[in-house]
Structure formats: structure tokens, C-alpha cells
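Two complexes come next, and they have one chain in common, subunit A, joined by subunit B in the first and subunit C in the second.
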Partner chain A sequence: MPKVTVTVTLKPALLDAQGRTIQEALHSLGYTDVANVRVGKVIELETANPADVTAMCEKLLANPVMESYKIEVDG
Partner chain B sequence: MSGFTAGVIVFPGSNCDRDAANAWSELGCGEAKLLWHQDKDLQGVDIVIVPGGFSYGDALRAGAIARFAPIMDEVAAFAHDGGLVMGICNGFQIVCEAGLLPGALARNEGLKFACKHVDLRVETTSSPFTCTSEKGALLSIPIAHGEGRYVCDEATHAQLIAEDRILFRYANGNPNGAFDDIAGILGGPNRNVMGMMPHPERAIRAALGSADGAVMFESILATLAQAQV
Partner chain C sequence: MPKVTVTVTLKPALLDAQGRTIQEALHSLGYTDVANVRVGKVIELETANPADVTAMCEKLLANPVMESYKIEVDG
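Up next, the complex of A and B:
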């Protein structure tokens, strides 16, 4: 069955509190040119119907009010 | 027993269900029934409380899985018919995920679980949940959440303001970075659905640190009594 990778992140307009914390940690390690760190979730699944994954994202995997998602199908 | 019946939904991981039920009965509102998430019957209750806790362990996102529980179809139908629905903390997250209220709850800005008493300002008394309070009144109510930062888009925010649907704002400090200090909002066809991150059911007696939450239960009782006349 095709393998699908869904990446869910907070929408760019929203403060990503985890991303900000990690960015500050990187800065304190000396990587001061790092910007726009965003943290997300990666959800891997196998399905015979990859075309359904957009609907799965809209219904459950992401909250479209605050999150965007990216779908990659392999195979 | 006189009074009205509250239905408190119990999900796996709810931990404020009994507090909500106790608040309802201790304040003399009537009987409280615990309703199992797998049930498909609200048993004729007068108000539904979606309580706080960590339904399904907050897997994926707080409230994301609970909103698909069988009883939530009944709660949605009840809300669409004008029934009173009170979403507290995880309950707020669940009713937003279910689309009964606009917006969403993101992780606290400071990434810390916030557990303390906060001041809430009553922004509207034109609601079944605050009608016996006073506009501008400050209520001391505890919070206990890690994902309580209310977010919504600009159009929704403008609509909330235009329709006087912001129920509470945090006063004297914003504990989670919520947009426009929003702590609770109203929705539903008749302003009959509400969601808030703080826990009024934990503030019903001075011995608990505050009795300020009682005004919400008094307001609901007054609303239900008025509707019965």
C-alpha cells in the first residue's frame, strides 16, 4: 500500500511557542543566524486510498483553524 | 428533587466531571447525571456540561479525538436546538474542535502548564451563563491547562466583538498568550453554547479559595427557571 507522510505545523501567522524556545536555545549555542524555527508533527500512514488523506487532514489530523498540513505520497 | 438536571459528559481522561456534577448539586441547581461518551442519549437533561480533563490523553491535539465520541452528535444536535452547553477547559477545546464554537486552543505561549487563580472580567451579561453577574465584574477563578491559548482569525475576532460574544477576558495578566486576552466565548443559535479555559466549578465555596464561580451556576439556574415559566 502507498505510504503517506503528513506534516502538520502551526500556521505561519501563529506564534509557535516551541519553535521560539528552540530558536532561542540554538542562539544560545552560538547559532545566531537561525530564524523562523517551526515545530510540527509527522504522521506516517499506509492506505490504499491516498486521495482520502486530504479529507483525513481536514477532519482529524490537523485543525485547519490553526494548523497547515503537507501531504507526501510514496509509492 | 426540585431543580434542573445537568448532564456531565465523561470521556476517558476526564478528571473534572465529578467537580462539575458536585458544583451543580451543591449549589442547589438540581441533580447531575454523568453521561458516558459512548452513549447516544442525553437522557432529557436540561444542560450539558463538557468537563475539563485530558480526554484520550490529549493525543494528537487536546479535544481532537473526543469530538468524534458518539455522544457528541447528540450534544451538537442539542446545541443547534438551543440547549445550554457549557465547555470548561478540555470541554472548551472539545466544543471548538467539534465546530460548536469558532477558533481553536493552541499551546500556552510560555509552554508551561499554568495552574493558579486568575482574574476574569465579565465582558457581557447578555448570556445564560453570566446574566446574574455584572458587566466588568472581576471573578477569581482557577486555571489548569497547557493548551489554553485561544486563537482565531481576524474575521472571527471581528465577529465575536460585533456580536458581543466575548464572555470573559483575562484581567491583570494573560496566563497563556490568548488572542485579545480571551478566556471564554459564546456561540450557538441563542448564545446558548459557551467555552472557557478557567474552572468555575472549582470556585464555588470560600474554602476552595474563591466562591466567584457560583455566579455562573446561579445564572444558568435563573435562565432555566425563566424558560420554564
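Up next, the complex of A and C:
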């Protein structure tokens, strides 16, 4: 079955609190040049029907109000 | 500054409880052919020193016992 990778990220306009926390932690470790840290989810799955994945995202995998998603189909 | 994308996933041998939960939810929505759902983190950041990102992963971004990570540098 084809493998599909869905990357779900917060919409750019939204404050990424998790990203901000990681950025501050990296700064405290001495990586002071790090900027614009943003965190998202990556969901890998296998399906016989990759065309269904958009509907899966809309219904379950992503929150359409706050998140955007990218779908990559391998093979 | 170059943009770096780090993808952190559970090592394949480990049970992915979150992935299993999503898989069952997708099955209940009728997508019964979906299999092998695995969930990871994607961390995007900008840094003047992409060579530091491996150390950032080892120290903070990934748990070396349970997780593996992939680093992609853009531009």
C-alpha cells in the first residue's frame, strides 16, 4: 500500500507557544542565533486510497481553524 | 538565515500509542484500509549555524533512547 505523510502545522499568524518554549531552551543552551522555531505534527500512514487523505485531514488529522496540512504520497 | 526542518519519530520497534489511537479513529470514520499510522514531531527553525542542529537534537529536540531524527537544511 502507498505510504502517505501528512505534515500538520499551526497557521503562520498564530503564536506557537511550544515553538517559543523550545527556542528559549535552545538559547539557554547557548544556541542564541536560533529564531522562528515552530512545531508541528507529522503523521505517517499506509492506505490503498491516498485520495481519501484530504478528507481524513479535514475530519480528524488537522484542526482547519488553526492548522494547515501538507500531504505527500510516496510510491 | 538558513531554515532547518527536524523530523522526530519514535523508533520503529516501539509501540506508537498515539498512532494506534488515530488509526482506530480513522477506521471508525470508515477508512478501514488505513494501516501503520505513526505520529512524530516536525520542528522548523532558522539558524546561522545548521551544523549545530545535530547537537541540538541530541541535547533537547529528540530523546535518543526512544526517538530518531532527520535533519533537512533548506537554502
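Here is the rule we use: the second predicted complex is superposed on the first by the 75 of 75 C-alpha atoms of A that agree within 3 Å, B and C clash if a C-alpha of one lies under 4 Å from a C-alpha of the other, contacts with A are read in each partner's own complex, and residues count from 1 in each chain.
Criterion: a residue touches a chain if its C-beta (ideal position, glycine included) is under 8 Å from a C-beta of that chain, and two chains touch if they have at least 3 such contacts.
These numbers come from a predicted model, not from an experiment.
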Exercise. In the overlay, work out which of subunit B or subunit C sits against more residues of subunit A.
Key: C
Quiz item: Where does A:E46 make contact in the superposed view: on subunit B (first), on subunit C (second), on both, or on neither?
Solution: second
Practice problem: Would you sort A:L10 into first (subunit B), second (subunit C), both or neither based on which partner it touches? | Solution: first
Practice problem: Check whether A:A35 is in contact with subunit B, with subunit C, with both or with neither, and answer first, second, both or neither. | Solution: second
Quiz item: Which of the two partners, first being subunit B and second being subunit C, lies in contact with A:N63: first, second, both, or neither?
Solution: first
Exercise. Tell me which partner A:I71 touches in the superposition: subunit B (first), subunit C (second), both or neither.
Key: neither
Quiz item: If you stack the two complexes on chain A, which partner ends up touching A:A25: first (subunit B), second (subunit C), both, or neither?
Solution: second
Practice problem: Could you list which residues of subunit A make contact with subunit B in one structure and with subunit C in the other? | Solution: 41, 60-61
Exercise. Name, in rising order, each residue of subunit C that touches subunit A in their complex.
Key: 1, 3, 7, 9, 19, 22-23, 25-26, 29, 31, 33-49, 52, 56, 59-61
Quiz item: Which subunit A residues qualify as touching subunit B in the complex?
Solution: 10, 14-15, 17-18, 21, 41, 60-61, 63, 65-66
Quiz item: Within the complex, which stretch of subunit B touches subunit A?
Solution: 60-61, 64-65, 68, 96-97, 102-104, 106-111, 149, 151-153, 177
